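Here come two complexes built around chain A, the first alongside chain B, the second alongside chain C.
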Partner chain A sequence: MKTLRLLAVGWYYQFKMISRSPFEGIGQVIYPLFFATVAFFIFRASESPRTLLYAALGSAVMGMWSATSTTAGNAMQRERWHGTLESLVATPPHFGLVLLPITLAMSTIGIYCLVATLALGRFVFGIDLTVEHPLLFALAIVGAVVSFGSLGFLFAVSFVRFRAAWALGNLFEYPVWLIGGFLVPLVLLPEWVRPISWALAPTWGMSAIREAALGGSPLPDLLLCLGLGAIYVALGLAMLERVLSAARKRGALALS
Partner chain B sequence: MSYRALFYWLTFWIFVPGLVVAPVFQILLFAYIGRSAELESDEFYVVGNAIQYAAIPALFAMSQLVAGEKFQNTLGAILVSPAPRLPLFFGRAVPVVANSVFVAAFALTAGTLILGVDVPASSIPALALVIVVAAVSCTGLGLINAALGLRIRENAVLSNAIFGFLLIFTGANIPLSQLPDWMRAVSEVIPFTHSIQAARELADGASLGSVIDLVGTELLISAAYLSAGYLLLRFFEGQGRRHATLERS
Partner chain C sequence: MAVVEAQDLHRTYRTSTGTLRRKWMNVEAVRGVSFGIEKGELFGLLGPNGAGKTTTIKMLITLLLPTSGTARVLGYDVVKDPREVRKRIGYVFGGERGVYERLSGYDNLRYFAELYGVPPKEIRPRIESLLELVGLKGREDERTEGYSRGMKQRLHIARGLLHDPPVVFLDEPTIGLDPVGARELRATIASLAEAGKTILLTTHYMFEADALCDRIAVIARGQIVAEGTPLELKRGVAQGAVVEVEVFGVPDGTVERVRGLQGVMSVSVEEREQAQVLIVQTGADVELTHSILGALNGANVGRISRREPTLEDAYVALVSEE
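Showing the complex of A and B:
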């Protein structure tokens, strides 16, 4: 119960803080809208059987990923810059329980992106989104947020040795948009890319959201998405142990 | 010298992911979206996005010319000096143009190689010229962005917004004929639209002579944006002095 409370409180305060940040909050909501607009124009102009609804859902989830990838890679570095990293590591709860709510809060900002993109599609491009399974759609969004945040957690821990962690986080924005099947069906990608797509929770999160909206069966995709999220957290925690113990031994926690 | 001082943080580990790898993925993303939508050829997206990505160094680096000085608390010292402003601001723009040219040229080369787009060898010198013109043009827009940095605190958000605006309006990914009239009218007076059009024609085998009107228009646009950027910088500098607000935002 204590752990859950720590996660919830951490998430709530981080979410409030990020929401008020012009770059991480407002900027991360606005930026994907430009890409969504391009996608809407492209799909509207084409004679492809893929509908604008397909583009609307894909663009919306692109925004969710965007909100996570560009900021989460830098989550640990940010604490270092603020001078709060040592204090947070020294607190009795495991540092993973402090870091995970930060990246979850970042991915939660993605819900703003999702709403903004769907609203753009509805009111500017006239895309009528009728969600076939509203409850499952909501569940799929929550599942996607959790798994995106978990992948962000893994990024945050993995990139901590890099001084330019934010640049690495940025780097993963386009590739995941591409190979996550957000706007491009996976069958169009080279075969060697597909196993990479399958290992990414955003691929399954996207699929679950699309299935729920269009009337398919989203549960298997949602479970895969959450399962991969759990694996990312486990990997992140294992890596965090090594990173922290190495930093403690060398007295290098504040450095880089 | 000021470029090196302001961009001491631009290491290999930031340059490569942000300015070498990212534009290639932007090209791939839109080329595959284009394939999925069955709208335009790979060449359309390779040329459009390679040139449009030159906006990243042009916008962000130019805004850093003001934001970086502000961050380092050196803006006041620079603006209080009697140094002539024209070489001061335009001198700083030269490395930015060079960087933008490199980014666009690399992205174009990598994009054509990865997607197997065929560009005639005879078009390469003319394409290089178009890329330089495009980079100068967007650096003019970057100068306006830098001037706004004297008033706006969140330059990174503004730069991202301008980048996104260019992504939509320049025809980098959307054929101009698909844009509503008012958007097409806007696209006529912003950087990149004409250079992207010229580069596409060159990639199709056209001669430099046949696109010279497009290149000329882009040059006129760059002159207009550079002048507007310079005037805006002087205006905001004057305002900042009068109201003692240079370092405030």
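Showing the complex of A and C:
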């Protein structure tokens, strides 16, 4: 109970901070709409309305992923700049419980990307957004947010140790669009890429959202997505003590 | 048993120069620091910038690992039991950083109250009483980006006390504050000591250590060079004298020449408007005014005075000894 409370309060204040940042906000507002517009123009060549929904969902999840991957790095950088990283590390709870709400808050911003993209598709491009399984669709979105946040957590663990690791988040942004099957079906990718796609929670999150919207069975994909998210958190927690100890040894916590 | 114990603490940083041909070197920030702080004591760690004060305090609050040596807080080892140590200590860093500027003062405290495990029912009254204590009542709902430096410092203090820790570490808490703000903060620190907290205060202001501390350790170049009550430290230099010479443009090499004179204990230069003041501490029963003037190589000299040494002179003598 105490742990859940800590996660919830941490998430609330971190989310409050991000949503108050005008500069980060502008990026989150404009980029997803830009991605979506490009995708809609490309996929408009198809006559099938379901293809446009496929593209709308794909570009929406692209925005969600970008919000998580780039901002997880920026979040840790922000803690360093503000000098708050040391204050957080010096608190008694396991640092994983302090860090996880930060990345979950980032991925929550991704929900805005999803809503904005779908609204753009509906009202500007006239796409039919009828969802076959609304409840499962909502569940798939929550699952995707949680697993994206978990992957962001894994990134953030490395950002604690390496100051320049924020660049890693940016590096992962575009390849995952491709290998996560957001706009291009995985079957079109070379076979050797597929195992990498399968190891990424965004692939399964995307698939679950699409299955729920287009009338398939999203539960297996959703479970895989959440399972991978749990593995990321476990890996992050296992690495965290070692990473923190290395940062304390090198005196890297106070560096900005 | 001492509440805070440091035993032969060492801390070395590895640093590099150059880009292509990187050259690595070790910098010894702390070189064998040992001290103990008893329950309810206000202990000062006094030293100039770069002396190793912050490095020492960061090892004690578990943010840095010592290269060697041991430290314990309330019996818990800072390396082996960092979480137990963190539950029982509060710490306050000087400077403006370390607060979430996009959150209000209240939200900053509320977030950290949760992190420090303050029971939910106690959070609001605890925050209210701390806001009262540090004089931020009425400003708590404003975002901290609009706070003055002094207000941020006071918010730091409130945050350090949220979980009512028995031991408090204050790292240069008054640095950069205006005189009124610094005085108010010192009054707050004194009230914490009166409330029975064990406090480690680092500062490079002599008068601050003198006014607040029960005991002082003077640290220079990573080592403790003197330890005692303010009175004991004053007695240590009470035998000498201080000659102050106002000079308009101190010639090159003067400080070294004066330092080389027989009977000179320390030399420092202070800027005062257009002039510099050469402050020379000498041993007892030594008259060096003429020799000092001789070492000035005919520079334009103003007022010359001779006085008894103060605690600040004792500090300068201790930290400038090679």
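By our rule, the second predicted complex is superposed on the first by the 242 of 256 C-alpha atoms of A that agree within 3 Å, B and C clash if a C-alpha of one lies under 4 Å from a C-alpha of the other, contacts with A are read in each partner's own complex, and residues count from 1 in each chain.
Following the convention adopted for this analysis, a contact is a pair of C-beta atoms (placed from the backbone, for glycine too) under 8 Å apart; a residue touches a chain by one contact, two chains touch by 3 or more.
Treat the numbers as computed from the prediction; the structure is a model and nothing was measured.
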Using the superposition on chain A, decide if chain B and chain C clash or fit. fit
Per the contact definition in the header, classify A:Pro92: touching chain B only (first), chain C only (second), both, or neither. second
Contacts of A:Leu53 with chain B and chain C, given as first, second, both or neither: neither
Who does A:Ala39 touch here: chain B (first), chain C (second), both, or neither? first
Have a look at where A:Gly83 lands relative to chain B and chain C in the superposition and call it first, second, both or neither. second
Look at the residues of chain A and decide whether chain B or chain C touches more of them. B
Is A:Pro185 touching anything from chain B or chain C once the two structures are fitted on A? First, second, both or neither. first
Here's one for you: vertex at chain A, rays to chain B and chain C, all C-alpha centres; what's the angle to the nearest 10 degrees? 90
Touching partner for A:Val131 - first (chain B), second (chain C), both, neither: neither
Once the shared chain is lined up, is A:Ile30 touching chain B (first), chain C (second), both, or neither of them? first
With the two complexes overlaid on chain A, what is the closest approach of chain B to chain C, counting only CA atoms, in Å? 11
Intersection of chain A residues contacting chain B with those contacting chain C? none
If you look only at chain A, which of its residues touch chain C in the complex? 2, 5-6, 9-10, 13, 16-17, 20-21, 82-84, 86-94, 98, 245, 248-251, 253-254
Can you list the chain C residues touching chain A in their complex? 13-14, 58, 61-65, 83, 86-87, 91, 93, 95, 97-103, 107, 110-112, 114-117, 120, 159
In their complex, what parts of chain A are in touch with chain B? 22-23, 26-27, 30-31, 33-35, 37-39, 41-48, 50, 162-164, 167-168, 170-171, 173-175, 177-178, 183-185, 188-189
So in the complex, which bits of chain B are touching chain A? 11, 13-14, 17-18, 21-22, 25-26, 28-30, 32-39, 153-154, 156-157, 160-161, 163-165, 167-168, 173-175, 178-179
